[in-house]
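The letters A, B and C name the chains in turn, as written, and every chain counts its residues from 1.
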Amino acid sequence: MDRLEIGIAGIVVALILIALRMQVGVVLGIVAFGGIAAITNMGAAWGILTAIPANFIAQWSLSAVPMFLLMGYIAAQAGLTNGLFASARIVLGRVPGGLASATVVASALFASASGSSVATAAAFSRIAVPEMLKSNYKSSLATGSVAAAGTLGSLIPPSILLILYGIFTDTSIGALFVAGVVPGVLSAVAYITMITLRSYLDPTLAPVNDTTHTREEKWAALRDIWPLPALILGVLGGIFTGIFSPTEAGAIGAGLAVLIALLRRSLSRKAVIRAVIETAEGTASIFIIAIGATMFAVFMGLSSLPNALSGLMLDHVDSTIAIIVMIALLYVLLGMFVDSVSIMLLTIPIIQPILNGLGVDMVWFGIIAIKLLEIGMITPPVGLNVYVIRSALGSAVSLVDVFRGAAWFILTDLVTLTLLILFPIITLFLPGIMK
Amino acid sequence: ETFRAATWNVSGSPNDVFLNDFADQVREATGGEIDFEIFPGGVLLPADGTLPGIASGVAQLANITAAYIPSDMPVDAVTADLSFAADDQLALAFAKTEVGFFNEQMQKEIRGHDLVFVTSFSIGIYYPICSFDLSSVDDLDGRKVRTSSATQIEFATQYGAVPVSVPASEIYTGIQRGSLDCAFGDALFLTDYFKLNEVAQSVYRLPLGSNATGGYYMNEDFWAERTPEERRAMFKALSRATARSMIGYQAKVDQAWEAAEAAGVALNEPSEADMAALAEFNEAFIAKLAQSEMDKRGIDDPTQLIDDMVAAMDKWKGLLEEVDTTDLDAVTALLDQEIFDRIDVETYGLD
Amino acid sequence: MALLERILGVAARLLVWAAGAFLLAMALHVCLDVAMKYFLNKPIPGTAEIVARYYMLAAVFLPLAFVELRNSGIAVDLFYNMFAPRWRRAMVALSYVGQMSFFSLLAYQSSLDALKSYDKQEYIDGQIVVYIWPATFFLPIGLWLVAAMSLLRLAQTLIRSDWEVVTTHSVPLDGGQTGKEAL
């Protein structure tokens, strides 16, 4: 077998093992180990085991993920979410899918500030999903909206992915930031439209709440509305005014949640312990997948499969639209297994010369590329946002349900993408004015 | 036969360009016998996993950033620390290359890891790049700065600067939003590396040294299995690629300064008082370096290494003044004459 | 086997408690660092390094066995229920073989790495010198235990008639018996 064949065989074996219900991180890691040994040699495969796990995990910037998980768990354990969602139920009760739409807005805002999909999913899975389930929302809708809304964080500035893309392709980060706003908002609007339409057509998805509330109930809800907004605004405000960085924001968020809970006297020692243990459990189960995925990305790079695929798909196409469609296909395919940054690193050197040859605007393409890469965060079999939600909620939801729920958002994204591709002005209007 | 060369630096970075250049030359010189495929962007090996990666043969050639693994390369770390006193990027890069080959303490450390040192390079000279108009070190008081070495911190905190840890991916937004006031970086921070031209207000051109912490290393077995002729051919290619890479870096630095001016970033020249203070700091710093390195890193006395490095930097500054530093042939000839031709390919790296 | 189950269970809980302590320490440490930086212009030196090298490694590797104790590792159960119990048992057994192999590989390599790290008294050299070798032992500790846990699960799957109960995901910690027991 040549290395390309080993790469393809690796993907097939991984798919089979995942279907047989072996743990996702284990599958990725073990297939990567075998594949790297087959392509190079045993010593090299052991070398990867030394080089990756500890060094990948020991990153300051990754620490935001467990800290946002902790924030979410504490907020949920201490009931910081009750008042806001009770009020939302009263106000939005009759709007089809109202809670899901509100969640999309809130987590898109949060994601835009934190700049990380995974961190947002970590924060909101415990904050929003159980509240929606309480209102009898189908778990696919409840989890899908959190998984998908997180992906908007990379589109709406600031965004680490846009920064990396800008540096990597030598495109103005300022222009990319400005360009991302409208497509980001458009994506959120499209999500909300989809949620509303689907819930309107199928009321079992998100039952409307037609219970009448007494004055006292309404007052009680309203009086307790502040904790969650205070928490989220505290985190967002601190990031935007530069008091702390997005990496530090997770710990601040957790600390702030504890403070607010202490103010409300709603935090028991037991609840803290539970939140902390659950955070540890969630952190381990998510990052073992991330380790496997990182090893798998090395295996893919070594197999030259992404290059071969790019070459195969792009060599014989010469219109801009056809190229973009091919790249979309390529990114969605690679996005099944490989993380956003690795895909960018592996493909941009091949893609960029082609795009430059065609005179494609790299700001426009950047927004489309980021949108495509973020879709990979919620596609099976390896969709990190989905796994974050699953690990936060345990057996309360099934993984298949989350992927199924996310699929509606992916379809919506495809509509948005089509608009962005057909009408570059949507993306380029604002940066044009700024010039 | 196909081999692998890796760098954790991204595709298109000076390191990636260097590896491609080297690979092309070697392929041609050996009629395709030695064919390197390049894996940039850390897709093969992460920055702090490069050393075991080369030693175990994941890649046969890669650049190691010793600063990330100081306890594996404590001796190399001494030269990195010393590079705070450097103010000429090319002289630093070539001095580091020379010392890497000929200083016994350096060679002992490298060979202890089953690696073969093959050449070096240096990032540019660091300056404070700030979100406000910095025109004197006194303006650093109370400012949050991102630094790259302990010595930079020591220097900056004298003036009340507050050192902070910011991941590389957050430098841009940190400067933009004020969670960071300054980043100490070379000219390419403004363009290729972090595009700070878009958010910075000023660069204070007080040369705060560099970070001569990089080097290129080969897998020991790979090296031993090549014929002496092949090893000579690789040295020829390494010498030329090193020259081209550093000349290219230099050109990029010049372009970055022009781009900065075009972007309205003030390039403030350092005051005489600040230059004098820096010179005084450097003198004291070098004088106590050997002792502080022994205390900090538990290594044998590095006095000889420090003397070699200081002497080599002076020597290269002199040599480079005699040639046109944009002339590839001239710089390559210097590197051959002073370094690569002096190495015996029958014995080097084979003990 | 009952004794072995008990021992591994206790060890897994001990480690997850330790991981929890490190997570709390991480939150506290970063909050203090931000506060001292903002109010006093005096950040705590080495915060980023300690967070990355100690707290993160502890938070990821120490709870692995606990994850296994509660069967909450992430797997895709799309096709699982379509199979007959006999096949399901084979699938579960295969999963544990895979997981035991992977965790053992990692455990073995990380043990060697930790010993090497200890030998060279490994440190990093950021704002301050931070000794990082002690934290490299989090990996072998967590990984060997999860490898043993996987082996136990494999044995249970092959031997016990109630294998499917033993290997099924526990309910979330804030509801139900299993959760409380797990703590």
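Definition applied: a residue touches a chain if its C-beta (ideal position, glycine included) is under 8 Å from a C-beta of that chain, and two chains touch if they have at least 3 such contacts.
Keep in mind that what you see is a predicted model, and the values were worked out from it rather than measured.
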| item | value |
| --- | --- |
| Pair joined by the larger number of C-beta contacts - B-C, A-C | A-C |
| Greatest separation from chain C - chain, by CA centre | B |
| Gap in Å, rounded to a whole number, between the CA centres of chain C and chain B | 38 |
| Inter-chain centre distance, chain A versus chain C - centres from mean C-alpha coordinates, in Å | 23 |
| Sites on chain A at which at least two other chains make contact | 46, 50, 59-60, 243-244 |
| Of all residues in chain B, the ones touching two or more other chains | 165 |
| Multi-chain contact residues (two or more partners), chain C | 48-49 |
| Interfacial residue positions of chain B with respect to chain A in the complex | 4, 10-12, 39-50, 52-53, 55-58, 165-167, 169-170, 172-174, 176-180, 192-195, 198-199 |
| Residue ranges of chain A in contact with chain B within the complex | 36, 40-41, 43-44, 46-48, 50-52, 55-56, 59-61, 115, 158, 160, 163-164, 166-168, 170, 172-174, 239-247, 297-298, 301-302, 342, 345-346, 348-349 |
| Touching residues on chain C, where the partner in the complex is chain B | 37, 41-43, 45, 47-49, 117, 120-129 |
| Interface residues, chain B side, partner chain C - complex | 67-68, 70-72, 77, 142, 144, 147, 150, 153, 160, 162-165, 296, 298 |
| Interface residues, chain A side, partner chain C - complex | 17-27, 29-30, 33, 46, 49-50, 53-54, 57-60, 62-63, 66-67, 70, 77, 243-244, 248, 250-252, 254-255, 273-274, 276-281, 283-289, 380-381, 387, 390-391, 393-396, 398-400 |
